[in-house]
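What follows is a set of structures for review.
In the two assemblies presented below, chain A is common to both, partnered first by chain B and then by chain C.
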Partner chain A sequence: MRQAVGLYLTIARGAFRRYSTYRMATFSGAVTNSVFAVILAATFLALWRARPGLGGYDARAAVTYIWVSQALLVSVAAWGGGFQDELQTRFRSGDIAVDLYRPVDFQGWWLATDLGRAGFQLLVRGGVPLAVGALWFGARLPRSPLTWPLFLLSALLAVVVSFGVRFLVSLSGFWLHDAEGLRALTGVASMFLSGMLLPLTLFPAGAGAVARALPWAAIVQLPCDVFLERRHGLAVLGELGFQLGWALVLFGLGRVGLRLATRKVVVQGG
Partner chain B sequence: MELIELDRVSRTFTVRSKAGRLRRRRHEVRAVDGLSFTVRAGECVGYIGPNGAGKSTTIKMLTGILVPSAGRLRVAGVDPARERVALARRIGVVFGQRTTLWWDLPLRDSYELARRLYRIEPARYAANLERCVELLQLGDLLDTPVRQLSLGQRMRGDLGAALLHDPQVLYLDEPTIGLDVLSKARVREFLREVNAAGTTVLLTTHDLTDIEQLCGRVMVIDHGRLVFDGDLAGLHAAGRSERTLVVDLARPGPPIEAPGARVVKVAGARQWLAFPAEQSAAPIVAAVADRYPLQDLSVREPVIEDVIARMYAGAVGG
Partner chain C sequence: MAELRWAVTSWRLAAAMWMRAATAYRTSFVLLAAASLLVCSLDFVVLLLMFHHTDRLGGWRLPEIGLLYGTAGIAIGVADFLLGTVDGLGERIRTGALDTLLLRPAPALSMVCAERFTLRRLARPAQATAVLLWALHALDLHWSWDKVLLLAMMLVCGPVIFGALFVGLSSVQFFWGEARELQNSATYGGATLLQYPPDVFARDLLLGVTFGVPLAFVNWLPTLQILGRPDPLGLPVVCRFAAPLVAAAAAGAAGLAWRAGLRAYRSTGS
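The block that comes next holds the complex of A and B.
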């Protein structure tokens, strides 16, 4: 058990450090994030001036929603990416064979890799837009100090849920020569359904209710709401429980899918 | 002790190809076809054959990432596909065209990962790392990001990564591909040491010199079947291998006549003379130097593809 924890920590730390070697890409990414956030914030402010209280957020909460969701965007890979890109190139080059003979669980390897990446990107690509937004436009920061650790936990679960979705999409690489189309499609769906473009409370009633029950809601909407302290007491645990539930379900599905996929490769040849 | 045992192992792949607009034809490729051999602990075996012969497929089955379609396979007493993870801790694999190292990080980090992956005890890790650093001359490279290493340096790094956990068997799939003469020599020197220390080595290569310098035994596979199993001299005899003497004369002239050799090509003042590989070049060189205006000469070793082609032609032709 201790050995396994040590192994996965080493993998995650490796991924964290690998991403930190791309300084220029990280810097320009953080700038892009911030610029994007500022444009969105200006739009949201105009919208909320016309319709105060829209979707249950006041104007200040609405712009904060933008800082937080932009801070999460890359870290939770709301439109795909992260380990998914790496895995895709490994399918194409055949390096996937190397991954398969390592004495480590394939799914665990990539989850640890993605968590390491997400950790780095939350720090840099998350911290910068959040700071820029809060200083320039102001933000509704958490009142209770307990909210910060809860938010981090929620962000962690968001990455795991997002990993679950992306892992299932990636597995198609075992069957399809070109998984790019499926990936783009799920990326767009994820942008909408996660609440990345608009809070899900702004969706028409029926569609909104459906979207709030789907796993994507756990990726952006929920951590934002935790940050904004929209629920109190045990209700917060309900939100985290919702994320944890989807994380487990998707991880389990990924496991089944992986078994089928490796069986196919190992037994039939890819 | 038999470390590797194959008993009539076959592996087929189903390939779909387009036949017309909508129809797709399925057909079977027999990558490995009824292969049987054994390798004893401590041997160093060259595993050669032309492109597409089934070498990499065999190695993939030996690591457990590919299941045989038929036949029985054992490595260190276990069925690789069934006990892939347990076996992985006892074998080392190097694919010349791929890397197990973390591209963006210093070599040291990948070794640290190997320590965790293979659960190597600290003392053993320290000792093995020291040995690899010394033998592979990795000292200056440990703190260099892998993407900044040259091909030869990276290959040495990969060899180190495959050996930190003291594997019983080392599979090498073209470890010298793309390396210059000096790097090849270093890799061979290292492999010789590894084998001398008791590790069983199965080496796939297209370079006969690798085999010559490392392997007491060579197996040739073609179309998934074993067509030769013996020592290198036996291979040359079976393939009626020929070496080539390239002779530069002072001026163009008629084909050279020398006992035991025949001219296979003439281009201006340069002539190519073929002679049996097991025969010494000295008497031929002496005869040529004696009777012709010799300026320069060199000897070329046979290439695997020619040896196999001739061996095959010999078998078919009678």
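The block that comes next holds the complex of A and C.
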């Protein structure tokens, strides 16, 4: 057990360090996230000026929502991506067969790399926009110090849920050979249903209720709400529980899917 | 002149080759095309949802914003369709692929811009045109010759300005290979900015996109004239007609930047 944990930690650390090599690219990305946040925050401010208190957020919370969601965007891979890019090239080259042969669990391996990547990106591409937003653009930081660890936990669960969805999409590569099209479509769904573009409370009533029950809500909307301290006491645990629930369900589905997929694999030798 | 004609011809030949390649995986192509159309529509759905809660944003009605949205989408969409892949320059330098292009008996810029050309990228201009037509219908404007001229000017100069941004900012990657994301703030960030009325944004930002990166000339200034709205910056009316000059200057600057970059480029010889 301890050996297994150590192994996955090593994998995650490796991914963290790999992503940290491209410093300028990461810095450019953080700047871009901040620029988008400045633009989108202004549009939100205009909307909330016309409709104060819309969706249960005041204007300052709405602006903060933009900064936090931009800080999460890359880390939780709301567009898709992360380990998916690598897995896709391995499908094309056939290296996927080697991965299946490794004496490490296939799903666990990729989850560990994705968590390592997400950790680095949360630090830089999350930290920079959040700091810029808080220092110059009036983003509201949590009042209670306890909110910070809860937010980090929520962000971690968001990455695991997002991994669960992306893993299922990538598995379709075993059948479709090229999962790019499906991946693009689920990326669209994810951007919209995660609350990345607009808080889910702003959706028309029926659609909003459905969106709030789907796994994507756990990817952006919930961590943002935790950061904004929308709920207190045990209700926060309810939010985290929702995320954990979807994380487990999706991981389980990924397990089943993987078993079906490996039965299908034909390794072309040579 | 003959040089320019050869640059266009070589772009067309390379683009036709890439187009055939893109249609080879048919299912993926169809799914990717559908996804592109959905991705571009997301911004507009967000606008619709915002107007579900208010009838004015920054003092502008939805059809008025539709005019901005349509012209901004066409401007970046056409530029991206024709030469958007130039932003992958840094990656090509890193892998050494640029050296192969430089050996070809055709201008490097044509080759880089045509790379991975696909009809799929017509999705954005198509969707933006649909919104523009709807907006023009819903606005019920009293057309005069200067308004027609301004509209035509936006449709021609907008893509030129964005094209110049794509090429000019990509030239930075000759010196700074990982800067790709940085230019996204100006191109894609700029397009997002131009979808919303200028009244929404802070004065400093407006000054920056008028006199720094000349985005305001793409559609903001001409649209103010078409709709007979006051300019939040209070610039002289002649600025609203200045797009052709600005576009020519931007294209010239981009050309110089590209040449400077190409001249400074030293292959690693790998």
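Things worth noting here:
By definition in this document, the second predicted complex is superposed on the first by the 265 of 270 C-alpha atoms of A that agree within 3 Å, B and C clash if a C-alpha of one lies under 4 Å from a C-alpha of the other, contacts with A are read in each partner's own complex, and residues count from 1 in each chain.
The working rule: a contact is a pair of C-beta atoms (placed from the backbone, for glycine too) under 8 Å apart; a residue touches a chain by one contact, two chains touch by 3 or more.
What you see is a predicted model; the values in this text were computed from it and never measured.
Applying the stated clash criterion after superposition on chain A shows that chain B and chain C can sit side by side. Within the superposed three-chain model, A:V210 lies out of touch with both chain B and chain C [touch as defined at top]. In the superposition on chain A, contact of A:V38 is made with chain C only, not with chain B. By the touch criterion defined above, A:M191 lies against chain C but remains apart from chain B after alignment on the C-alpha atoms of chain A. Within the superposed three-chain model, A:L146 lies out of touch with both chain B and chain C [touch as defined at top]. Once the two complexes are laid over each other on the shared chain, residue contacts for A:V256 go to neither chain B nor chain C.
Of the two partners chain B and chain C, more chain A residues are in touch with C.
In the superposed model, chain B and chain C sit 90 degrees apart as seen from the Cα centre of chain A, a figure rounded to the nearest 10. Contacts of A:T21 after superposition: chain B is touched, whereas chain C is not reached. Within the superposed three-chain model, A:Y101 lies in touch with chain B and out of touch with chain C [touch as defined at top]. When the two complexes are overlaid on their common chain A, residue A:T10 makes contact with chain B while staying clear of chain C.
Of all C-alpha pairs spanning chain B and chain C in the superposed arrangement, the closest lie 11 Å apart.
Touched by chain B in one complex and by chain C in the other are residues 22 of chain A.
On the chain B side of its complex with chain A, the touching residues are 11, 13-14, 60, 63-67, 81, 84-86, 88-89, 93, 95, 98-100, 102-105, 109, 112-113, 116-119, 145.
Across the complex, chain A meets chain B through its residues 3, 6-7, 10-11, 14, 17-18, 21-22, 93-95, 97-98, 100-104, 265-269. Looking at the complex, you find that chain C touches chain A at residues 25, 27-32, 34-36, 38-39, 42, 45-46, 49-50, 52-54, 56-58, 176-182, 184-185, 189, 192-193, 196, 199-202, 205.
Across the complex, chain A meets chain C through its residues 22-25, 28-29, 31-32, 35-36, 38-40, 42-43, 45-47, 50-51, 54, 176-178, 180-182, 184-185, 187-188, 191-192, 197-198, 202-204.
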